[in-house]
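Read through the structures below before going on.
Both of the next two complexes hold chain A, though its partner changes from chain B to chain C.
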Partner chain A sequence: MSGLEAVIGLEIHVQLATRTKMFCGCELSFGDHANVHTCPICLAHPGTLPVTNERAVIYGLRIAAALGCEVAPRSIFHRKNYFYPDSPKAYQISQYDFPLAGPGELGGIRVHRAHLEEDAAKLIHVGESGRIHGSGASLVDFNRGGTPLVEIVTEPDLRSAAEAREWAQLLRATLRQLDVSNVNMEEGSLRVDANVSVRPEGSGELGTKSELKNMNSFRFLERGIEAELERQRELIAAGEEVQQETLHFDPSDGSLTPLRSKEYSHDYRYFPEPDLVPMVPTEEMLEEARRDLPEPPAARRERYVSELGVSEGAAATLAFEPAYGEYFERAMGAPGGGSAAATAIWVTGELVGSLRQADAEEEPLASKATPEAVRALAGLVEEKKISNGAGKQVLAALVAEGGDPAAIVERDGLGQISGSGELEAIVDRAIEAEPEAADEVRKGNPKAIGRIVGAVMKESKGRADGDGVQKLILERLGQG
Partner chain B sequence: MGELLELTASEAIERIRKRELSDDEYFEAYREAAAGDPLNAYLWLAPENHEQGNREGPLAGAPVAVKDIFCTEGVLTTAGSRILEGYRPPYTATAVRRLSGQGARLLGKTNMDEFAMGSSNENSGYGAVLNPWDPGRVPGGSSGGSAAAVAGQMAPWAIGTDTGGSIRQPAALCGIVGMKPTYGAVSRYGMIAFASSLDQCGPLTRDVTDAALLLSALEGRDPHDSTSVGIEGGIKLSGREDLKGLRFGIPRELAVDAEGIEAGVQEVFDRTVALIEGLGGEVDECELPHSPHGISAYYVLAPAEASANLARYDGVRYGIREPSEDLVGMYERTRAEGFGDEVKRRIMLGTYALSSGFYDAYYGQAQRVRTRIAEDFDAAFERFDFVITPTSPSVAFELGARTDDPLAMYMSDYCTVPMPLAGIPAISIPAGLAEPDGGGPELPVGFQIAGPAFSESGILDAAYALERAIGFDAVPERVSR
Partner chain C sequence: MIEKGQVVHVARLARLELSEQELERMARELSGILEHVDKLSELDLEGVEPTLHVVALQNVLRPDEPHASLPPEKALESAPDPAEGAFRVPSPQA
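Moving on to the complex of A and B:
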């Protein structure tokens, strides 16, 4: 349906990979036996007090720096009150009106704020549905309770489900290279909720939004938002109103079901946490947070495009996938070879493809094809010493056995055929073999040339340069 | 044995150090004295030969009674509440660890108003504590068990907590010394929270010397409590016997013009002021214009914090649990069953004060009043070294006299509430005996000295000199043996 624009904002929870929890000394864990990483503090025994984990603050500052956020000189923790068994104190220590970091920006999307808080414990509902309603009993695993979290909230700047998914991927790439979190959606160390609404195109106002939870992969994030946008558009088309509610995404069938309002409609009664003093980052902490801050992916993509002339698509892959980015940087550090643009295409195209085919887990830098060799290969093709097709064969050989591309060209006789009598002879034989196609071309139908080109390539085993072959065929057929 | 129990803790420690007294004999004497417990001061008493660790240090051999609000590993800790019936904490509060680390021995856990909410100790889930001077009267609260045990010679000394007067008021009503230190002087780790921004641990003792010794053992920064800082330079008693060069301000709002101060209390107060002047101290009136609003601010802020602090008692992990068909039912039944009326009243007050739409009018406004009260004290301390008031407007009142009138009960803390709101230290020392309004046997009257933040040593010095001049040596008839 046209005329209604999507307005999407994301709320992202990032579990920090500190050694210990946010407010106690328990170690973080994933997949251990239930309730082994607990102490009187994270079980909220009477009389216990929280003490802020300084590493978590530094990690939070590092995220703030990477998102270009303004760091608050003084931020405070609040208590967010609600009764639920996943919250042993019956309040979550979070931040409210004085967050760690204020406005920032990533990839053209405004970041509203980033703040520190603690994760809830994990509820395991025993019974068929896996959710609290209709389950026979609920068990609590406090291992996760108190894990440090950074919550990042964007402005409602995203305009489609795909854009939201792409931005979330950019965020993950940005966070991954900071070494502060595992940022794994399946494991829950990266959790993305979406606030979704629609409004008439051109309107400056915001429609009533719904909040989508539990989309634990990028694909589900996109699907969930798409489904919700469609639902809202249908509601409005039917003359109904969108209700403000929280929707739970079910990955098994892609459905969205409202959480009972009783569970989630709260007056959280925020007030300043009296057990903690205000957080005032020292100059040392700020310095440590900024130290060795890697180039943000968005900036890297921009630099590859504008300074190195790399195509948009290849630049995005290199910038968002740090392993390929590093591979590319190494290749460009080699003393010679192809241009950045050509090398980028070989790395993000053929290399990514053949590594994925071989083994999804293989890291490019661990491959037998060295960055130096791939760049040299790009150079051979660029200088027309070998054809594009021959280049693919060389790359396959590099991935399979390593080595030097020039030596492989020599060994396998892959040097380009060009201009010489050899290529002309092959072209003439191909025209003879495809008389009908030749006639078509002579009559002025250039599309028919494909079959003749194919015959040339077949005979030359890919060593001929495609553009040159095409030109030569047209010349021979009087169409040049 | 009676003579043993009349010693101050410092005297007994000295004799133990000189091997004139066996620490076991001293401990057993108190254990026996406390065993009958006619005042209902104890909720748990150490068994015979109760294993205790360290016997070295400045407190070596001294038994100490600990308010049941402090967590003690493996030892019953209820905070006076039925909701924690049978709760044995997995860890020990820092304050208690510091005491045992310096040689003190845990004698027992003392009764208290439930979660420290009360001024008469009638709000305990385990029965009221009686005043050793008159068992028909209250000992004050909320550290009533600690005060009654010390005054009733069932403990040489004790620790308690003060949120709005909970150490000083019962000390006054029982005729002993009680001190609330500066907020942050003593760790709150392991001290069951009532109102986190106000709660502070302090000593209840027979005299000022003991208070100084016990406080010097308690104070100190604790990495487990981010709000703790300790007292720089520690506690030092100079032993001076005069008050020359010291200026004492009497705030009109809390003394001269205050309503509801009993005639007998006023008389003892005036007599004590004359003693101060006799010792060379300068006395003048001063102003704390916002202090009359202290009670109102306190009864917004403390319940607000309490409403969150007490939310963890949900029947899930410890304490009692009342089963129900569903989760909310379990929460409701457990809390309805486990909490007493006053606790419920304050949880409701505090929840309301924090509700969206009311936050600024109540919590926000109360915080602004709190800031004004602190500024009033700052201004007063530019002219004066100390501020002095009666500790309690009345002597110990009769059991049940105020239980149906929460506001009258709240006014018991009229003179003690402004200090914790400002975070400053204050002591109450016994200044004499007075008849209650309407007549009856004479009862103890407390005299309060407050000073700027971290002026504990100065306050104790002044209190020491004044204590000698007052010469208060009365003990309750029923315990004199």
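Moving on to the complex of A and C:
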């Protein structure tokens, strides 16, 4: 059934990399022994009072600024009431109708809100299967309980699983350069839940949604949403209805299992937290939050495309991978060489490829190929002083030994041959070597030219300019 | 007017087990309380901000500096069933 479009919204929890918890001075940790970072406040002993961590508020404001969110002049903490062993108070301190920040936008997707809250404790389910279902007992570790979180909620603006994954990656790149979180999905410092529904294409209404949890990598996020969209489309094709439910993604087999519905779990009876007073961000706090705010990746990508003429794909790589972005900026700071568009392609294509091939996850700026050299190389190819294929050989030499591209071209005899008698001789030999292909081309089938071009490239060791070779072959075969 | 069904619902949310008699009494008493509070709606509250807090304070914040946490054995002292350095509880999903 094709006429159903996907409607996806994301809810992202970001653990803030403060030193201490949201409402007490216990240190944050990852991987320590259980219950070594607890105190009467985060264990909810009677008579204790929470006090808000100023740094967490600043980090929240910093995230809000990066997402272009309006900061609320006054925001309020609420109690979200529920009984579960991960919450010793039987409520989570969160924000409700007066969140820290309101509407914003990132990469064309609207952000509904961003608010502060505290993380729950970690439950380790023990028992026969070790999985959530069928466990006999649970162990509670309160180290994580009270960790500061920012929850970011998008509008349901995403239209495919791949788009949701890409946007989540953009969000992570944006958050990572703010230095407010480790944003590591495997470790749980970035957690992405998806609200998924389908509706007839063009409909303005929202279908019944399900909520997907536990997708702890970008790949699983995409696969989980994909599987859920498929399931909903099948249900509707079979004339059934989608139920509102929470589904748990199992990365081992890609299956989605409904979590046993916690009855009335959505009846949280929010009310204002009487132990905490309102937050009114001051000018000083806002200034500190915005200090040294880096150019957001989405803006950087946009600038590269619209101002420098860089292709969309290359711009995205440069904008979302800071190390390559920095490399590109340095290259463009060099006194001369290729255009931005050409340089970007060499950096994001051949350079990324060869550094990754070199096994070591090498930092581009630590590579022997300097930004200045790669830009000069892009210039040589652009000015047709060397062919694209020769350019690749020069780049390999730069990565292996460094140096100056023009000198490498000279040394290895990689200068372009074109229009000269030398090239004509090579072309003629190639036509002789491929008589069947030549006949095809003579009969007007231009596709057959590939084999002749291949032969030319092989003999010239990639030094011939591809376009020029094609033209010359057609001329020689009377098709020019 | 609070119906008995609503009492059952909120009692369940609060994990309270009420007898049939208690349910009826609660429905009656809760209705009375709401009726009493409802007197407020006789006032003209046009343009009056909801009172979220009675203290006129804002931005009570603390610096991000660690304090000493409890030794784990102290933290677990009053746990009824500690195990492996953690609070062991009946599985919430069982």
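FYI, the second predicted complex is superposed on the first by the 470 of 480 C-alpha atoms of A that agree within 3 Å, B and C clash if a C-alpha of one lies under 4 Å from a C-alpha of the other, contacts with A are read in each partner's own complex, and residues count from 1 in each chain.
The definition used in the following text is that a contact is a pair of C-beta atoms (placed from the backbone, for glycine too) under 8 Å apart; a residue touches a chain by one contact, two chains touch by 3 or more.
Keep in mind it's a predicted model, so treat the numbers as computed, not measured.
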In the overlaid three-chain picture, which partner chain does A:279 touch, first (chain B) or second (chain C), both, or neither?
second
Between chain B (first) and chain C (second), which, if any, makes contact with A:48: first, second, both or neither?
first
Figure out whether A:237 sits in contact with chain B (first) or chain C (second), or with both, or with neither.
neither
Please work out whether A:206 is in contact with chain B alone, chain C alone, both, or neither, and reply first, second, both or neither.
neither
Can A:85 be said to touch chain B (first), chain C (second), both, or neither?
both
Identify the partner contact of A:365: answer first if only chain B is touched, second if only chain C is, both if each is, neither if none is.
neither
Who touches more of chain A, chain B or chain C?
C
Overlap of the chain B and chain C footprints on chain A, listed as residue numbers:
40, 43, 51-52, 81, 83, 85, 138, 140, 267, 269, 274, 276-277
Residue ranges of chain A in contact with chain C within the complex:
18-20, 24-27, 33-40, 43, 51-57, 74, 76, 81, 83-85, 123-125, 127, 132-142, 260, 263-264, 267, 269, 272, 274, 276-280, 282
Show which residues of chain C lie in contact with chain A when the two form their complex.
9, 12-13, 15, 52-53, 55, 57-67, 69-70, 72, 75-76, 83-94
Could you list, by residue number, the parts of chain B that touch chain A in their complex?
69-71, 77, 79, 84, 87, 89-91, 93, 188-193, 195-197, 223-227, 304-305, 307-308, 311-314, 316-318, 327-328, 331, 351, 354-356, 359, 363
Of all residues in chain A, those that touch chain B in their complex:
40, 43-52, 79, 81, 83, 85, 88-91, 138, 140, 267, 269-271, 274-277
